[in-house]
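The same subunit A turns up in both complexes below, where it pairs with subunit B and then with subunit C.
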Partner chain A sequence: MLKVLIPTIMLFPTIWLTSPKWLWTTTTAHSLLIALTSLTWLKWTSETGWTSANTYLATDPLSTPLLVLTCWLLPLMILASQNHINPGPISRQRTYIMLLTSLQTFLIMAFGATEIIMFYIMFEATLIPTLIIITRWGNQTERLNAGAYFLFYTLAGSLPLLVALLLLQQSAGTLSMLVLQYSQPLQLNPWGHTIWWAGCLIAFLVKMPLYGVHLWLPKAHVEAPVAGSMVLAAVLLKLGGYGMMRMMVMLDPLSKELAYPFIILALWGIIMTGSICLRQTDLKSLIAYSSVGHMGLVAGGILIQTPWGFSGAIILMIAHGLASSALFCLANTTYERTHSRTMVLARGLQVIFPLTAVWWFTANLANLALPPLPNLMGELMIITTLFSWSPWTILLTGLGTLITASYSLYMFLMSQRGPTPNHITGLQPFHTREHLLITLHLIPIILLVTKPELMWGWCY
Partner chain B sequence: MATYKEAPLATRPKTLDPAEYFNLSPDHRRAEEKRAALRAQLKRQYLQQLNNPHRKELIEDPALTRWTYARTNNNYFRPTAKTSLIGGLFGVLPLFVFYVVFKTDRDKREAKIKAGTYQRPYKLST
Partner chain C sequence: MNPYVLAILLSSLGLGTTLTFASSHWLLAWMGLEINTLAIAPLMAQHHHPRAVEATTKYFLTQATAAAMILFASTTNAWMTGEWSISNLSNPLASTMFVAALALKIGLAPVHFWMPEVLQGLDLLTGLILSTWQKLAPFALIIQTAHNVDPLLLTLLGVTSTLVGGWGGLNQTQLRKILAYSSIAHMGWMIIVIQYSPQLTLLALGMYIIMTSATFLTLKMSLTTKINTLATTWSKNPVLASTTALVLLSLGGLPPLTGFMPKWMILQELTKQNLPIIATTMALAALISLYFYLRLCYAMTLTVSPNTTNSTTPWRTQTTQTSLPLALFITATLGLLPMTPAILMLTT
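Take a look at the complex of A and B:
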């Protein structure tokens, strides 16, 4: 664990001491080496589940894929931000990369935490760099609104979590995930137990986000700069899913009755957000709403508490993280050239950017869960387990898959096909850096087709 | 023009309609000329920008800006009886309907399991 955490912390001196000429090269190379080191976590050496353990941090099959995803994303974020941050003063560039790195450190400690209070503190700590990235480096005036929504939705959801955790600590004596599943359930009156149950989960449901409390997500994703959007879509949403999976082991047996409203909200959210996607004019907003839909499926899978549900949830989280981040990078390439996120403005791009059209195609296929990509694997497992939970869910999930396919097709056709407007034929051609960025997103998705056992969690 | 006859089932196209060319009032002609002049001015402006070899940025379209502003800054929603009904029908009612559907379905299955009469239809590992 420390072999990744210490290099990440040492990235801070690297950022501040490199000469300005070599800043981006050094940080990208350093973070890429960290990412490659993190791949060693994928080898499971322990039968009990928890490996690479020290007193405070450990990895297990649930957190390892998310940790590797987090570490993989940092060089990608630095690659993506290079173009729009480079013109600024050097100290501002260093501050930006430092924010990304601090976010990375908090995320590694959050996913690796064995004690739930540590997870909670890191969960809250990730809010600060993200808030600074959104409100300081966003591009429109709405970024202030977006930052406020993001901060207060998540905080309001997580304060009850703090109370619930402290209550649990007092009754069980420890909050270590290693032993908490074996502890006595809380002895509270029925109402108290219900509120405690809700308090444990609401924070993560807001973070995922669940459909009713998803309002912060389109704002935050759209107003954030590209690295902010990438890390939000790829990792921060998964913090919510990961937290839910950790907490679920202690929340039985109440979860049987109380989970219904949330499962229904999640499933109905897939349909509603999918339909909203079909009517969007803003490209990033479309990708943001599609994230809400996919995460609704993940939430449904987790709340059902079956092995297939959990496996499907982890697989979909990893696959969606990579695919959604790739789409945000592609949207950013359009934004950097036209300075507008309107979809009808930058249409017919296939003619002028043919290779990028291949990346758009693949990313959209990944988003709509095309076999054999892991997106389909996750979605199919969740849909199957939901069907086993109650056959009527197939109406919602089937319609949801149909709507997902149609808005992905809409996004692809609108941006790539059709006649190219005359006034955008003079746009700057694509840089190697941008091609590299997208391929580094898509290659893991394609490689995961060959070894999905890395992502299956405890069912391996 | 005088010898043009429409096909039996077709209508005469607007550009060959005699009313477009004859018996036009001078006011109408003046208005048309003004509109044509404005159009030509806008077209000239656009073509100048399009063919400018030193242009590096996009040509700004004010109509597009207005359209995106109108589409995204949705201040046009007003809660009336009709919109509230639609909102309730699509946003609130389905949640309750699905709750009832799922709950009864699963309670029936639970009762069958407790009575021992439930046949498991698939051999899934869920």
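Take a look at the complex of A and C:
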């Protein structure tokens, strides 16, 4: 764990002491090396147990794929931000990369934490750099509102979580995940237990987000600069899923009945957000709502508490993280050229950018869960387990899959196919950096088809 | 101000607080509080501006009322029980009056109304002394007497203060009033845990003093008193602008900054005492305060150029103020959370 954490922390002096000519090269190269080192975590010493050198930071098959995704994402974020940050003053560039790196540090410590309060503090700590990235480097005036919504939605959910965790600590004596999985669940009066159960989960449901409390997400994703959108879509939403999976161990047996409304809300959210996507004019907003839909499926999978549900949730989290981040990068390439997120403005791009059309195609196929990509694997596992819980859910999930396919196809056809308008023909061709960025997103998705064991978690 | 006069006033301030700390007799404690009030009055009025004089008058009247109530309560207790010592307040009337009087002294809701107006009339350094040093002596007394008081009163004072501190600050554009409401909210946090763990009250007070000092000294360094002028800080001192955003978030209690430490410890103590509902209410009330801290962050740091500036850019002249205390307080405000166990040992 320290092999990755200390180099990440050492990126801070690297950022501030590198000469301006080499700043972006150095940070990208070092973070790529750190990402490579993080791949060693994928070798587990046991199928279900924790791997660690101490009792405070450990990895297990649930956190390892997310950790690798986090470490992989930092060089990609730096690659993606290069174009719009480079013109600014050098200290602002350094500050921006420092924010990305601090986010990375907090995320590594969050996913690696064995003590739930440590996880909580790191979970909250990720809010500050993300807030600063969204409100300082966003491009429209709505970014202030977006930052406030983001901060307050998450905090309103997580402060009850803190109280619930302290209650758990008082009764169980410890909050170490290593120990709590073997302890008795908290014994309270029925009403108190229900509220405690809700308190434990609301923070993560807001973060995921669940459909009813998702309002912060379209704002935050749309107003954030590309690195902010990438990290939000790829990793920060998964913090919610990861937290839920960790907490589920302690929340039985109440979850059998209490999860009902949340599962239904999540599934209904897939339909609703999918329908909204079909009517969107703003490209980033479409991708953001698609994230809500996918994460609704993940939430359903986790709340079901079956092995297939958990495995499907992790697989879908990883696959969606990569695919969604790829889509945001592609949307950003359009934005950097036309300075607009309106879809009708940048259409018929296949004629001018043929290779990029391949990336758009692949990313959209990943989004709509085409076999054999891991997106399908996760979705299918979750749909199957929901069907076994209640056959009626197939109505919602099946319709949701159909709508997802529709809006992904809509996004592809709208941006790539059709007649190319005259104002598009003068756009700047694609840089190698941008092609590299998208391929670094898509190649892991394709490679994961060959070895999904890396993502299955401990339920297989 | 004449340096001799300033020396006398500052040493009187020190004397008053120390006297109250060292006292075990109520009369001596009262005397220390009065010396403090008298010593700070010329400091507050030093600029002879009508607004400053108004603030001084209001402060003197409220503090004198509180001191008179303390005198009355101590004499009542002495009459009823024959005891003058501070930690043996057995008469319930006396102890309730003490808590009410001390609440007036430190500006807890619902007797907080003097605080914003008084702070508004002062210059920043005097405001700093008012918010930090002047709270020490009353807290020394309240910690010793809180265990005799009805728990409901203290809980009500705490929750009301946090809510009032949050809602009151939402509509303010003057920074000193915002800091006054922030003070009220933080005092609420300190009072609510005093009956269960006075060490945590001291911890919260200590952390509050560090964070407020950082904020006041920042405002003094950039010479701003309103949100409008706050927006020019980035051009005078860019590093200060960025760290102040973090200081403000620390005041709001966001992890992993220092401001989270007292809130976490207090919430832990409240849940240990089987008061999770009160804990959740306090935590959510802190979110209200966070909104106006966030607004200050927006004005100061997060909307700087190349975005549209919402203020005029002043000349950047060399500052003549010392920056060492500011640097120390800012570092403490941002980095003390990992040292929580060590700091808890300090307060035991």
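One rule holds for everything that comes next: the second predicted complex is superposed on the first by the 455 of 460 C-alpha atoms of A that agree within 3 Å, B and C clash if a C-alpha of one lies under 4 Å from a C-alpha of the other, contacts with A are read in each partner's own complex, and residues count from 1 in each chain.
The criterion applied here is as follows: contacts are C-beta pairs under 8 Å (C-beta built on N, C-alpha and C of every residue); 3 or more make two chains touch, one makes a residue touch a chain.
Remember, predicted model here, so these are calculated numbers, not experimental data.
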(message) Do subunit B and subunit C fit side by side on subunit A in the superposed arrangement, or is it a clash?
(response) fit
(message) Looking at A:I128, would you say it contacts subunit B, subunit C, both, or neither? Reply first, second, both or neither.
(response) second
(request) Applying the touch criterion given at the start, work out whether A:L166 contacts subunit B, subunit C, both or neither, answering first, second, both or neither. (result) second
(message) Is A:T95 touching anything from subunit B or subunit C once the two structures are fitted on A? First, second, both or neither.
(response) second
(message) According to the stated criteria, A:W308 is in contact with first (subunit B), second (subunit C), both, or neither; which is it?
(response) first
(request) Classify the contacts of A:F152 with the two partner chains as first (subunit B alone), second (subunit C alone), both, or neither. (result) second
(request) Could you tell me if A:T385 is touching subunit B, subunit C, both of them or neither one (first, second, both, neither)? (result) first
(message) After superposing the two complexes on chain A, what is the shortest C-alpha distance between subunit B and subunit C, in Å?
(response) 20
(message) Looking at the complex, which residues from subunit C come into contact with subunit A?
(response) 238, 242, 245-246, 249, 254-257, 260, 264, 267-268, 271-272, 276, 279-280, 283-284, 286-287, 290-291, 294, 298, 301-304, 306, 337
(request) Could you pull out which subunit A residues touch subunit C in their complex? (result) 88, 91, 95, 106, 120-122, 124-125, 127-128, 132, 135-136, 144, 147-148, 151-152, 155-156, 159-160, 162-164, 166-167, 169-170, 199
(request) Going by the contact rule at the top, pick out the subunit A residues touching subunit B in the complex. (result) 260-261, 263-265, 267-268, 272, 281-282, 285, 306-309, 338-340, 342, 344-345, 384-385, 388-393, 396, 422-424, 426
(message) Looking at the complex, which residues from subunit B come into contact with subunit A?
(response) 49-50, 55-59, 61, 64, 67-68, 71-72, 90-91, 94-95, 98-99, 101-103, 105-106, 122, 124-126
